[in-house]
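Shared between the two complexes below is chain A, which has chain B as its partner in the first and chain C in the second.
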Partner chain A sequence: MATFIVRRLIASIFIFLAATYLMYILTALSGDPLEDLRTSTAPNKQQLIEARTALLHLDVPPYLRYFIWIAGVGKCFIGQCDLGVTVQNQPVTVLLAQAAGSTLQLVTIASVIAIILGLVVGITTALRQYSGYDYGVTFLSFLFFSLPIFWVAVLLKQFVAIGFNDFLSDPQIAPWIIPILAVISGLIWMSILPGKGRRKLITFAAAALASAAVIIYMDLSDWFSYPHIGIVGVALTLVGAAFGVTTISTGLKNRRALYASLVVAGIGVAAWYPFIYFTTGLPFWGWIGIGVATVLVALGVGWFMGGDDRRPVARTAAIVGFIAFSVLSLDRFMQVWDDYANSGRIKGRPIATIGSGTPGLEGSLWVHGVDLFTHLLLPTLALILISFATYTRYSRASLLEVMNQDYIRTARAKGLTERTVVVRHAFRNALIPIATIVAFDIGGIIGGAVITERVFGWTGMGALFQNGLDHVDPNPVMAFFLVTGSLAILFNLIADLVYAGLDPRIRVS
Partner chain B sequence: MRIRRLAAAAATVAAGALILSGCAAPQSEIVEGSSLAVAWNQPFYSYNGLTSFGNATANNNITYATLSSFNYYDNTPALVKDTSFGTYEKISDDPLVVKYTIADGVKWSDGTAVDASDLLLQWAALSRALDTPDFDAAEYTDPDTGEFTSDFPTDVVYFDSGADPTTGMGLVSTLPEVSDDKKSITLTYDAPFVDWELVFSAPLPAHVVAKNALGIDDNQKAKDAIFDAIENDDKTALASISSFWNSGFNFTEMPSNPDLVLSSGPYVITDFVADQYVTLTANKQYTGANQAKVEEITVRFITDPLAAVQALQNGEVQVISPQATVDVADALAALDVTVIGGYEGTYEHIDLQFDQSKSGNFNNPLIREAFMKVIPRQEIVDKLIKPLQPDAEIRNSQVFLPGAEGYDDSVANNGSAAYADVDIEGAKALLAEAGVTNPEVCMLFSSTNPRRANEFLLIQQSGALAGFNVTDCSSPDWGGLLGTPGAYDASLFGWQSTSLGVTNGPPPTFTTGGINNLNFYSNPEMDKLTAALSVEFDPAKQIEIQKEIDKLLWSDFYGVTIFQFPSVTAFDPNAIKGIAPSTLAPTIFWNIWDWEPVTAATE
Partner chain C sequence: MSTIPPPVEQPGHHEGGVTDAENSIELKEIAGLSQGQIVRKRFFRHRGALISMVVLAFIIVLAFTSVGVAFGSWKSGGWWPYTWNIAVAIENGGRPTLSLFPFSIGNHPFGQDEIGRDIFAVVMRGTQQSLMIMVIVGAIATFIGTVIGAISGYYRGWTDSVLMRFTDIIITIPVIVIGAVLGRRFGISGAPVLAIILGLVLWTGLARLVRGEFLSLREREFVDAARVAGARDRRIIFRHILPNAIGVIIVNSTLLMAAAILIETGLSFLGYGVQAPDTSLGKIISENQVAFSTRPWLFWWPGLFIIAIALCINFIGDGLRDAFDPRQRRMPTDKALSRATFVTEKSA
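On to the complex of A and B.
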């Protein structure tokens, strides 16, 4: 194992060195870094050209200038990283730290959501293979996969931000739209839920009617101006979650798990009033603390009610506890929505198209949370739409392959429930190939957010790269390349190791 | 399905519950405030826009609002004096002596008075008269960081203002005289300099430099230390002062020391989030004429032009001035916003090589004239510029900026009218007279610039009709090839004008051997005119000389000017008023103090 890692790393370093050399030369030769000064009519033009030449060593040909740069990078090993300066005389090391921070903020959330969504949808489509739902998702994922991201991003801004904000100025859904939405919702649920003939029709009608009722309620209660879940909504959601989580986690036959989950749901409902009305000045760590405490309490409830088989019961209760915390927090964030959307800085147009925060906004934890949400929504959606496609396709294929294996047939033959077969025997093994894809993707997504960042005015690694290219300035470009390149190498290695770790049949040596 | 049905039921009951509970909403959790926002395409990075690297529009737009100056350009463009900040007068022409006086009661935003110490430091920095002679900063610059190494001599004075001893403030090599009340300084020039009005840009707070460079706590002592150091030429103190002046004002987010963003103008920087925005708040200590009309203005950094358009549509910014492209023009046309087409300071032109050209054809004036006749200037403007800016026009002067005083008069008389339309027959006749067939013209332009490539194609087609064989000498490194003997016959590029000053216009460009004379143009008559211009103080006479220069250039078949770069500014008329962009930097920001929110009517 150790020799494998060392060998891989040494080979990677040489490949990486060659790649950086190539990249440096290509950037340096892509234009004339003095172009803007040459066409200047400033009287001290000559001095300015000399100053820039001295700063960026333009008197040294790029073939050799690379070695000045790589010497600075080499100093990282003695703790004095030196990535040179930009054409504006700013140290690249400082810029890189700022850029990497903002890119990570953007990419982390997008990756997590895309992975979870992709897995869930992929698995459900595999379980409902060749259903209308499966075909629908297949169609959509290929559609998203083939869309250019800059275009998706612009469309998202036009419709989800500008269009939705316009809608918010008079948030009434037109009566003729309600039946259309209801039919669409009915069709979606009909294709997901199992059944045939008459049963399908009932599903369709119920889902359509329920959707219409929800929309009409939203219209009547001015829900888009004053969004809320309310204590009843919270109660119903949590009871539903208790049943749902128990079904997947242990099966409804495990009554202890069901009762423990319901108790946790009850605690959640009881906590609604104090949580909504007495958390105005809550600091961020306080909020996280409440979350941890909720999960711990839920664990405790499961542990005490677990009887002989405590672990699965505690696990189920903890998941419900986490959901309870999330739902309560969501309702709490919704409480400030009206104040936020109508403040003088937002002026009734909450969904933002640029940047990572509203300038000058001051308020409580909840206000800033909503602000972060309105700014992260679109770029995250854009990133998710693209990577979502890969994840659903891979997880679907992977689960289908596993479901056809002999040991699944054996498990079924033993008389195990379908839940146990899918969750315990198939799902885990289906995750093995996904894990490697995810590891590799995380490495790539940081570099891949260049366009998303630019379109959403989110200055991170992408801006570093692009400004560098625009000014024929290799140093920031190389900083970008250093990070993305080393991440690609690192995550490739991790992917291999994870594979070996998950699948005992594989040895790395 | 179950969850959806449950949700529906839940929602209905919840509505009832809420109505019953009377919606006991918690108190407001948000601090009220509002601001106008403007988009700019590059982040701010230095509060000192006078260093060779800090001198960028992204910085100067901001410092323009926070650092007052003796004068500024309006949108005519014409130079306007700000007498509420200070006055200046020319005391004598030869030697040129100018006295600058700060108006009474002008203060920095920390309450300290603006006085001669600020002006004196500005002189020391911009003239570099006190710099250690023959010192080469590059020898002590760390090759990797660009910062000075630790063995940088402590007694070396080096102001990185890029000053040149032959022009501008560089000509004031002797110590200025400071008045007794410490309100004014008097500069004596070594040689006449006709653009003397433009040399004294907005000063930085000298006491902040001294406090940080010399470790002084008291503001008044810090000011005295500046006087002492400069008047006694104290190299040790000046070395620290210059070093802080060079790098102390560079920051990429809000500095922890508020002294670094002291303001003498209508606004002061109150927030700066790296790569996101700068917030300007009205300066309470400002007593001058250009009072801010809105409490807060945020400058947001949006690189992508279309992203700026959508941000305007979504109300996140109220003013944008993105790079003019066809996409931006189309997107803006569909919106309910006010769009103002204007010009940038850069103009596109074609220079013909009078000597040392690749083919040698242009040594013959007949061939130069013939080629000028076939350049389809109107077609270039119609096809490439009008889609961006419908009212774009050809620029017809080699010297005057469109709109500036003298442009219209000069255009009427300079002979450019002869080249307004393509004249194939006339060109053929001239070529026949010159006795050449199919002369080659190799054009140098930037191969990475699609617009110039399109211009080249139009010229090539038009030239072919008259028998010119126009060939492609383009290169990504075209800037370095400019002025290279034997490399090309004609060059297509833009000159940037940053001021109306005459010394950076005709003299360096048209004088024999001038620094910007890249086409080996030489005419003794022109040399006389540029020499006369360089010593003419009377603005009216300057314009007369420039008109003669313009006319001479066209009759010498120097080349043609094509168009001024188009600019586009768009704003939301329901949110802001007072926007009136200028051609010269700081373009839209020149009247930032006149910007006003429009909200009262609608709410």
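On to the complex of A and C.
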């Protein structure tokens, strides 16, 4: 294994060097960096040309100039990164540090959500193959797959942002919309849940009535102006989560796991009051600390209640603990929504269409969190729509292929429950090809983010790349590529290792 | 993939079980058919793919006959009265005259832009360009990907290492990035040049897949047989292995074409794709995106055509995958299964 890693690592370094070289040459030859000066009418034209030539080493031909740049990159290993300067004589290292944060934030959040959603939807469609739900999702994922991202982005701006902001100024749902939404929700649940005939009708009626009740409650309590979950909502969600997670993770027959998750859910409900009212001045790391502590406490509960079956019980309890922390945080963020939406900087139109943050916004961690959310919402949606389709298709195909294998038939013949067959036998093996595809995709997602950033006016790495390319200035372009390229190579490497780790057949050869 | 073996009675195998029923349904479906006929039959059963073929054919015919084609100075007219580059007087405030109830097309069904060009003609011209780019990219990328994948999978060893490391280098650079850099340099030379450039960078995924396919096919008996019979490498690669890998190649080149049309629109949107006076669907959208609130039809129609084309191609690709890939066979319905079980039980 060690030689395998070392060999891959060395190969990766050479690939990286070759790719940067190719990219540098292509960028340097993509136009004339002095074009704007040559056509200018400034009296000191000659001087300006000389100044820029000296600044960017334009007297050195590109295939040698690369080595000046790579030497600067090499200094990163001794802590003095030098990625060169732009045409405007700004150090690229500083620009990259400013730009990389917002882009990576966007891409990471979008990828994580897309992967989770894609996996869940892909797996459920595979388990309900040829159902209405399956056909619906298949058609939708093909549709998303065929959408130009900037086209979606403009539509999102128009309908989600502007439309939703208009709605928020007077949040009243028209009475005729409620039954329509209820019927849609009923149809969706009916197609997802199993059963035939009568059972379908019951599912449909229950889902439709429940949705209608929730919508009417939201409408009457002015929920859209003062969103909240409340202690009742938190309690219901957490008990539901305890049952749901236990069903998938260990099966409801494992009473220890069920009781442990219910205890964790109870702790979560008990923590609601202090968490909502005594966390105003909480710093970011304090929040993360509380999250880690919650999961650790849940792990402990599972460990002590687990008896002779500790590991699965502790795992189940920890997942419930994480859900409890997320739900409580969500409720806490919702508490500041009204203050945020009506503050002087937002002026009642919270969903942002431009930029990555409200400049000059002051407030607690929670206010900044909400601000981040409103700015990330649209670009993340746009990015998710596209990659979600890919992940859904792949995980569906992968699980279907595994479910048709002989060892699944054997597992069923042994009398294992359907849960054990799907979660323990099929799901793990279906993950192998998905893991590699996700890793290969990361570089592509950052590339796609160039377009998304441009539409939503983010000053991230996409802008760095475009400005550099417009001025035929390799340094910022290469800074962009340094991040995307090394991430792509890193994730390819991880994909290889994960593949070798998951599939013993690879290791043998 | 070439032949499906007949069912063998295995010891301990329950007679007339579900597996036999499944097999008998499948065998009955393909009895007496050639490989090509089986593929065609499976493809035509995929309703989405079939509808997509019809829609795509309609779009192609519409785009090329309506406003005619133009290559440089050579032009042929179409049946549509307006052309994409000549402005006429604005009617109806430029709004689309298309109406469904009662159905009427009117003079400018898709509307006009601010200087009076007919949007239908503009969109048709953009569709032509996008389709052309798609076909060129697909052809070039498929050719390069197949050749590189075939050579590296067939010869293995050093050849394979060198070619695959080269593929890794290209694959490391995101397509949109290398496309933008090359498009900035060559986009000005016209849409066909841009298409060739895109084809030169989009072959990597296909090369990897074809290589994998060749690596497993070259170990099969029919390759040994060909070699023993004295066939040269070139003959083995092109006459023996390639026809067996054709499913993977066709499916992925269709999907690649769908990706190409989206990449071209993305590049044109960023300003590195097709340059004026040429036009493409992506360019029409990017030129008009600020006008969304005042003239949304400038934005809707080209977008709908991009989606229609990409959606059709994706569905056709999916249908081809179903047709070529025996692993993703369709599960028989309960009714067919029970009938088949009954028949096998009776015959047993």
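Basically, the second predicted complex is superposed on the first by the 414 of 509 C-alpha atoms of A that agree within 3 Å, B and C clash if a C-alpha of one lies under 4 Å from a C-alpha of the other, contacts with A are read in each partner's own complex, and residues count from 1 in each chain.
By definition in this document, a contact is a pair of C-beta atoms (placed from the backbone, for glycine too) under 8 Å apart; a residue touches a chain by one contact, two chains touch by 3 or more.
Here the structure is a predicted model, which means the values were calculated and not measured.
Engineer: I'd like to know which partner A:Pro433 touches here: chain B for first, chain C for second, both or neither.
Structural biologist: neither
Engineer: Using the superposition on chain A described above, determine whether A:Gly444 touches chain B (first), chain C (second), both, or neither.
Structural biologist: In the superposed model, A:Gly444 contacts chain C only, not chain B.
Engineer: Touch test for A:Ala19: chain B only (first), chain C only (second), both, or neither?
Structural biologist: second
Engineer: By the touch definition at the top of the document, which applies to A:Thr353: first (chain B), second (chain C), both, or neither?
Structural biologist: In the superposition, A:Thr353 contacts chain B only.
Engineer: Have a look at where A:Gly344 lands relative to chain B and chain C in the superposition and call it first, second, both or neither.
Structural biologist: first
Engineer: With the two structures laid over each other on chain A, which partner does A:Arg454 touch: chain B (first), chain C (second), both, or neither?
Structural biologist: So A:Arg454 meets both chain B and chain C here.
Engineer: Which of the two, chain B or chain C, is in touch with more residues of chain A?
Structural biologist: Of chain B and chain C, B contacts more residues of chain A.
Engineer: Is A:Pro379 touching the first partner chain B, the second partner chain C, both, or neither of them?
Structural biologist: Neither partner.
Engineer: Figure out whether A:Gln466 sits in contact with chain B (first) or chain C (second), or with both, or with neither.
Structural biologist: Both partners.
Engineer: Once the shared chain is lined up, is A:Ala207 touching chain B (first), chain C (second), both, or neither of them?
Structural biologist: first
Engineer: Identify the residues of chain A that lie in both the chain B contact region and the chain C contact region.
Structural biologist: On chain A, the residues that contact chain B in one structure and chain C in the other are 29-31, 154, 158, 454, 466.
Engineer: Any idea which chain C residues touch chain A in the complex?
Structural biologist: Spelled out, the residues of chain C in touch with chain A are 48, 165, 168-178, 180-182, 184-185, 258, 262, 265-266, 269-270, 272, 282, 285-286, 289, 292-293, 299, 303, 306-307, 310-311, 314-315, 318, 327-328, 331.
Engineer: What does chain A use to touch chain B in their complex?
Structural biologist: Touching chain B: residues 29-32, 34-36, 38-48, 51-52, 54-57, 68-69, 71-72, 75, 82-85, 87-91, 94-95, 98-99, 102, 154, 157-158, 161-162, 165, 185, 189, 193, 203, 206-207, 210-211, 213-214, 217-218, 220-221, 226, 228-233, 235-237, 239-240, 244, 276-277, 280, 335-336, 339-340, 343-345, 347, 349, 351-357, 359-364, 366-367, 454-457, 459-460, 463, 466-467 of chain A.
Engineer: Could you list, by residue number, the parts of chain A that touch chain C in their complex?
Structural biologist: Touching chain C: residues 11, 14-16, 18-19, 22-23, 26-27, 29-31, 129-130, 139, 142-143, 145-151, 154, 158, 397, 400-401, 404, 443-444, 446-448, 450-451, 454, 465-466, 469, 477, 480-481, 484-485, 488-489, 492 of chain A.
Engineer: Where on chain B is chain A touching in the complex?
Structural biologist: Counting only chain B, the residues touching chain A are 1-15, 17-18, 23-35, 37, 43, 45-46, 51-56, 137-138, 141, 143-147, 160, 162-164, 167-168, 170, 250, 252-253, 271, 273-277, 279, 296, 298, 300-304, 306-307, 310-311, 313-316, 346, 446, 448, 476-480, 482, 493-498, 503-505, 508-509, 515-516.
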